[in-house]
Amino acid sequence: MDEPLFVIPLWADLTAVGLGGIQGALFASGFRGQRRLDFLGVAIIGVVLGMGGGLIRDLLLNTTPVTLQSNWYLLTATVAALVGMLLSGVFARLNAVIVGLDALSMGLFGAFGTSKALALGLPVVPAVFVGVCAAVGGGILRDMLMGVPIAIMHVGSLYAVAAGVGCSALAVVHALGANLVIAAIIGIAVTAVIRLLAVIFDISLPEQRALYRRKVAVETTGIPIIKT
Amino acid sequence: MDEPLFVIPLWADLTAVGLGGIQGALFASGFRGQRRLDFLGVAIIGVVLGMGGGLIRDLLLNTTPVTLQSNWYLLTATVAALVGMLLSGVFARLNAVIVGLDALSMGLFGAFGTSKALALGLPVVPAVFVGVCAAVGGGILRDMLMGVPIAIMHVGSLYAVAAGVGCSALAVVHALGANLVIAAIIGIAVTAVIRLLAVIFDISLPEQRALYRRKVAVETTGIPIIKT
Amino acid sequence: MDEPLFVIPLWADLTAVGLGGIQGALFASGFRGQRRLDFLGVAIIGVVLGMGGGLIRDLLLNTTPVTLQSNWYLLTATVAALVGMLLSGVFARLNAVIVGLDALSMGLFGAFGTSKALALGLPVVPAVFVGVCAAVGGGILRDMLMGVPIAIMHVGSLYAVAAGVGCSALAVVHALGANLVIAAIIGIAVTAVIRLLAVIFDISLPEQRALYRRKVAVETTGIPIIKT
């Protein structure tokens, strides 16, 4: 390890938390499902997106969650969620803002996850895995809490791909000898750019098709008849 | 820290586990959704509500789960779940019992979470957060496993608010110099009373409304068209 | 503890990861719900089923996740998921293969979970609990991510029962003085055989019925009117 005492600077960490919090509240405010979210529900989603990435990272690394060692993380996430709620009317016309914040905060959480994992001595592959989980984990929690299909699982997402390529770029650049900070900046940029391009050009992965076409009888509930 | 060796007494911990287990099984027994739960499903929900709060607390604190260090926790949760199943016919007419058990066990899990976090040296804000997660976490897991909308996310719950105010009261009283045990008792009482009053008077939070009214086109699936 | 330095051999661990990965991808490939999974979604489910059991075990035991200490786990899970996707056309006609792989990988994850817990000094009951969580946890994550009802919660599963009896058999045989390796082999066999017999003979648990019959008014959404 060339960074034995790797610490993500507090301002950078809080930036990710704040962007996640605003974005989460904006997303949840726009939600008009069968059951509306109340104020608290929107705030919870904001806090989950602000705090989720760091908590998942530290759980996977079995380290004490750094987001719970200071009052600032939760205060930042909460204030950001409130700001997101207040501004949701304005930003609804600026969809680009939501997408941009999302791409950036995903890049930040992914880069912090992978670089902390590398600094703790994890091999490259699991370090990238931790970064991807940190980047997409908040969104998975959000979708579970809101009761909507998990975004990264379905056609048209390209969510996890952006995080995976960005975190891999970080790991490769670091393995080639670059400083972890520079590697992290490259990783953040790669993730955010891929994500933005995917949205702008509406790129998605091909739907999964079995190698051999076949008919699958499906229950009306949408569960395959394959027994498990 | 004025309580360097803070330990929740086993009898108090097992009381919370037992109340949670009974309440979970009562709730799950009353469930008549598209797909019924079998015996095992009801028992699982009971165990999840009995064990969930403590497990979530210890995961967030990165301490060895105390609920897995002794046979008593799981035995208590399982027996409580069975008792809940057997008594579900009786208690169905006594809805107040379910609500009362729920309010009390939520107060216990919240107070144990916040006081353990404070004893471990966490700052006030994350200590309250850990308590709230411990108080409402079991219910979130229950709703996810049962496939119903997450209760704390929707209009009319006031669930997390009760836990948040109770855990905050605990932290404030403790910060003012009170013994952690006394602070915990006050926290439990505050949470339980708020929760009961909310049910009795049918209080709920105002639905989240955007600052500026606007029309949002929504897919039939209920997911906003905001791309993420 | 008679096995102070208990370590699951890498080849055995990777076998469980690989079987889980193949089985997960086969299952997800057969899925034809409202929203199809894309390539990535199928791969994610494979990785979740390959990695989930070990991660859940190590989270509950508060030990550093062994699956993230080497590149091999994720590489094995990913390759296995790809193999599962490629072979899904062939195996669709061989439902028995999916069920068999599932029974075997469940047995492996359960046995590794319980034996690691025993080796770390946990009492018998929580050790069995950790094994059951490791055995069924991957499937729960799968169902949550795919947005289908959680399999172990519903009539006809007998899923958790197989894991519970197998892990209990392991613990009993070990308590009687047998070597942990032999106990683990017995536990794996018991879990797999019960699971296979349950599928072959279509055995299920009786539906949960309240001791006293009663009418429960149910909302159209399927949520009981019991307030929580």
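Should a chain be cited, it is by its letter among A, B and C, assigned in written order, with residues numbered from 1 in that chain.
FYI, a residue touches a chain if its C-beta (ideal position, glycine included) is under 8 Å from a C-beta of that chain, and two chains touch if they have at least 3 such contacts.
Chain identities (UniProt): A, B, C = TRIC cation channel family protein.
Predicted model only: the values in this text are computed from it and were never measured.
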{"item": "Superposition of chain A upon chain B: rotation angle, C-alpha, nearest 5 degrees", "value": "120"}
{"item": "Residue-number overlap at the chain A/chain C interface, same or different (half cut)", "value": "different"}
{"item": "Between chain A and chain C, centroid-to-centroid distance (C-alpha), Å", "value": "26"}
{"item": "Multi-chain contact residues (two or more partners), chain B", "value": "59, 62, 144, 149, 221"}
{"item": "Complex contact set, residues of chain A against chain B", "value": "26-42, 44, 55, 58-59, 62-65, 67-71, 73-75, 85-90, 92-93, 95, 98-99, 102, 139, 144-149, 151, 159, 199"}
{"item": "Residue ranges of chain C in contact with chain B within the complex", "value": "34, 59-62, 117, 122-126, 129-130, 140, 144, 149-150, 152-158, 160-161, 204-208, 210-214, 216, 218, 221-224, 226-228"}
